[in-house]
Amino acid sequence: MTRALPTSTLSHRARGSGLEQWVERHLRILMLAPAMLVLLALTIFPSAYMFVAAVTRISPNPDLPWEFAGLQNFTRLLTDQQFHIGLRNTLVFTVSSVTIEFLLGLGLALLLDRYVRKLNVLKTLLMLPMMLPPVAVAITWKLIYEPQFGILNELMFNLGLPPQAWAGDARLAMLSLIIADVWQWTPFMFLLMLAGLASLPIEPYEAAAIDGASAWRQFRDLTLPFLKPVIAIALLLRIMDALRLFDLVFILTGGGPADRTKTLSLYIYQVAYRFADQSYAAAISLFVLFATVAFSTWFIKRMRLAE
Amino acid sequence: MVRRPFLAMAFALWSLAAIHPAWADITVLVPSGSEGDGLRAAAADYAKLKGTKVEIVQAPYNNVFEQAANAGQTKSGAFDIVLMDDPWIPFFAENGHLEDLTPYFQKAGKDGPDDDFLSKSLALCRNPYNSGPYICLPYVGNAQMFFYDAAKFKEAGIEEPKTWDDVLKAAKALTDKGGGRYFGYVFRGGQGNPVVADFMPLFWSYGANLFNEDRSKVTIDTPEGAQAMKMFMALRDVSPKGVESYNANEVGQALAAGTAASSINWPNWVATFEDPTQSRMVGKISYTGIPAGTNPGSSEIGHWTMGIMAAAKNKQEAFDFMQWATSPEQIKVSAERGNPPVRTSTFTDPDLTKQEKFRHYPVLMKAIQASTPRPRHPKWPEIENAFGIELSKAVAGAETPEEALKNAQAAVEKIAGTK
Amino acid sequence: MLRSRSAAVTQEVAAYCGIAIALVITLFPVYWIASNSFKYDIDIFAIPPEWYPVNPTLKHYRAAFIERPFLQYALNSLIIAVSTTAISVVLGTLAGYALARFQYPGRWRHQISFWILSTRMMPPIVTIIPLYVAFNYLNMLNTKPAVVIAYTAFNLPFATWMMKSYFQDLPVELEEAAMVDGDTRFGAFLRVALPLARPGLAATSIFCLIISWNEFLLALILTLTERSQTLPIGIAGRVTQYHTYWGEISAAGFFACIPIMIFAFIVQKHLVRGLSFGAVKG
């Protein structure tokens, strides 16, 4: 699919000044360097700070010195109930949301691709939710879920079902969160799937139709394999974002009720900013970082995305 | 085509550079809401008066603590003055984030704040509580009151609820008749600050408290605590579904919309209840002190206080502003802007008490004078969080009240490092 | 494969129904917040709910934009978003092209790509304290440039990754042809690859703009006043300790959505085509 350009110049006459030639020869570094340098500068200090913080005890009193604490902050993870709850909530949320988003997004893309190819307006409308500020989305759903005057309970009432507290109900809070996230991010999946479908080659399908393959078999044996790279990227990006979810939970439920929706990112925030315990927050963050990196590495290898 | 992104970048950099506003002389951190709005207006007045520029930074409640803690820990000097909810004071004071006000008072020729301030309000502003030096000044005199629909309570046979049993009796009758759309009681069950704030008065009125006298023992899982919990659960049973995530907003709305008959709440809700564009219950809601249990009812104090940060850049000017903002005249102006006052003179000022929207002042003043503060502990945010989780679980029915008390006891012991 | 006509028609009808339902579900919440922004508070809380504003009012818009500094917040959001996008897309396009086209020794390229991806895995929460410390030291707290710098840290990897994949899907032959005709490699990049990647650039830029416009957490900690606060911070700030100002939040929230909606419509063709890799055929 890709072929790198040869590293030696192809031009067969000397072009430009010595500087231009030097630039040409070193292009592969010069083009990459600015981005690399900027990223390096922006990530080095925070990373160093985080690593140091994770192995010390930082007191909220700025006049007290930082004490070296070894792996204490990490061993605390093993016995910290709230951390375990956060971990469980994050995993439940991520798996549920991403799966539902993928299925819905793919389904919708298939429908649109087959029946409504030309309408850009339709596609743009369906894309809307993921573009909106998560804060606005959270507020909107908070209003919809509102037990007393929210329209969801009005709907329940009209269907003859008992009203629920939704985001405020310990049993339903996670579901409420997932619904809101699915509403917002299915378009992302949909968009990528649609793009992937639009770039499918026609010939294999014509051949398959001649051979009498059913729509399902065409889908399974042609579409899915063709879409694999797009699906893989879409899933990877969505999973990474779902693991770090913050804005929606922060505003919709604040982690409650009874900690049912406290995700890890929310817990880290609480430890760092409400309990003023920077060191422990850094330790949890490192855990999340390593876990995400490990997962992504495995995922990329599995999907053979390595390029 | 390539030019466009470069143009965009150039424009962006130019606009970033072009905008450099004037520096303020003092920066004040306040919560969003009427306290912040009141102080913002006061700052504008002060600027006209003295020519000092006061910049007001407003943030949502939780964010105020976070910003202030951040500034304190990193000695950033981002704020000169912070408005603190009183339970936070031990955290800031004991971590060295606040400036001792004694030398400033002495320079002004005084021993300390004058005695027009309510004594309970002043007690909060000293660290240790009621005995150490002053590290802040009271500004907003919040203490909980008990709000109830007098007509509905009368229907249920209670003239004025004096004890929690009274409340339960009326509430149960009203909820039973309410058919799922009207409830006799509503409270804040949201985990963390909301549920703890609404539970503490109940806790206290049965003689229980989080710690013993000298903070050496945690006393949550006690017979008194169990009694308080029992009443709390009974009240939960007659409250709307979903209370386990309610905050002041939902509770206030319930009363304003007329879908609940009573609750504990903060005084600045009075303005909303009496506003016809926001309330269907104008003139129908009465106020009284917190009901009694086995002990006299005690309102929970929740003052907003102003302190100077240790790393502030303009401490003397900050102190001058604080003195001005807490003077009798300015407290009266603040009261008119919707913030309950902290001075006796303001509470008894006939200009104010004759107005309908301040008819609760006598009740409020009494409530403050009979109030109890939440436990003074530098790790209060963590303690409140842990306690709040267990309470919220009990409210949600995710664990039994007995388990909640036991777990809360263990969690708080771990945080406080006591046994 | 024979299929009766009626079955095909039923399928089509069912498909259209499905799409229609999706459309309604997608758009209703947006309609809801918009309609609520025009209702008086007491109508927002009405039971049963008002499906459209019976007594419309501009009260909340006035409150948000005139009495409160939401206009300034919006301006801040705009400046920050444009700046971050400009920097990220320019640097990211260069880097993405390099990664797509050039050989790097050993497994470097793979490592670099992965490292770029991994900066997106960092939970932003704890990096904020060191960022706060750093900006405080540089006296840059509560300034827009600080926010731009912080946003670039995660927009740049994204832009690089996106552009890399766009360039990879462009056949190399065109650039080789240009070079055979005497152009330099960089010239081929400028005059052949870049124009072809225009849809990709548009898509990437739009995503960067959206991400920056919508960002909340970093702004929450790094900004303090109207000098640098963004729209999401303003919106969240209307959830106060005692009161959720539903009217103002709806007004500000809906307003925050409008530019994005307009922008999406304007570039919709490019956006869709860009993600459809609609480039040279066969």
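Here the chain labels run A, B and C in written order, and each chain numbers its own residues starting at 1.
The rule we apply is simple: a contact is a pair of C-beta atoms (placed from the backbone, for glycine too) under 8 Å apart; a residue touches a chain by one contact, two chains touch by 3 or more.
Quantities reported herein were computed from a predicted structural model and do not represent experimental measurements.
J.: Quick one: which pair of chains has the most contacts?
T.: Highest contact count belongs to chains A-C.
J.: Using each chain's Cα centroid, which is most distant from the centroid of subunit A?
T.: B
J.: CA centre of subunit A versus CA centre of subunit C: separation in Å?
T.: 14
J.: Between subunit A and subunit B, what is the separation of their C-alpha centroids in Å?
T.: Averaging C-alpha atoms per chain gives centres 37 Å apart.
J.: Which residues belonging to subunit B are in contact with no fewer than two other chains?
T.: Correct list: 66, 70, 74, 253, 257.
J.: Name the residues of subunit A that each touch 2 or more other chains.
T.: Counting only residues that touch two or more other chains, subunit A contributes 148-149, 278.
J.: Identify all positions of subunit C at which a residue touches two or more other chains, and write them in rising order.
T.: 45, 47, 87, 129, 133, 236, 239, 244
J.: Note which residues of subunit B are touching subunit A in the complex, please.
T.: Interface residues on subunit B, with respect to subunit A: 62, 65-66, 69-70, 72-75, 91, 94-96, 180, 189-192, 240-246, 250, 253-254, 257, 259, 379, 381-382, 385, 389, 392-393, 395-398.
J.: Where on subunit A does subunit B make contact in their complex?
T.: By the definition above, subunit A touches subunit B via 59-63, 82, 147-149, 163-170, 173, 253-259, 270, 273-276, 278.
J.: Mind pulling up the subunit A residues that touch subunit C in the complex?
T.: Touch residues, subunit A against subunit C: 1-5, 7, 9-11, 13, 15-16, 20, 23-24, 27-28, 31-32, 34-36, 38-39, 42-43, 45-50, 53, 107-108, 111-112, 114-116, 120-129, 131-137, 139-144, 148-151, 154, 157, 183, 187, 191-192, 194-195, 198-199, 209, 212-214, 233, 240, 243-244, 246-247, 250-251, 264-265, 268-269, 272, 278, 281-282, 284-285, 288-289, 292-293, 296-297, 300, 306-307.
J.: How about subunit B: which of its residues touch subunit C in the complex?
T.: Per the stated touch rule, the residues are 1-2, 5-6, 8-9, 11-13, 15-16, 19, 21, 27, 29, 31-34, 55-61, 63, 66-67, 70, 74, 76, 78, 248-249, 252-253, 257, 266, 268-269, 272, 277-278, 280.
J.: Within the complex, which stretch of subunit C touches subunit A?
T.: Contact set of subunit C toward subunit A: 1, 12, 15-16, 18-19, 22-23, 25-27, 29-30, 32-33, 36, 44-49, 87, 91-92, 94-95, 97-104, 109-110, 112-114, 116-131, 133-134, 149-150, 152-153, 156-157, 160, 165, 168-169, 172, 175-176, 179-180, 182-186, 189, 210, 213-214, 216-217, 231-232, 235-236, 239, 244, 246, 249-250, 253-254, 256-257, 260-261, 264-265, 268-269, 271-272, 275-278.
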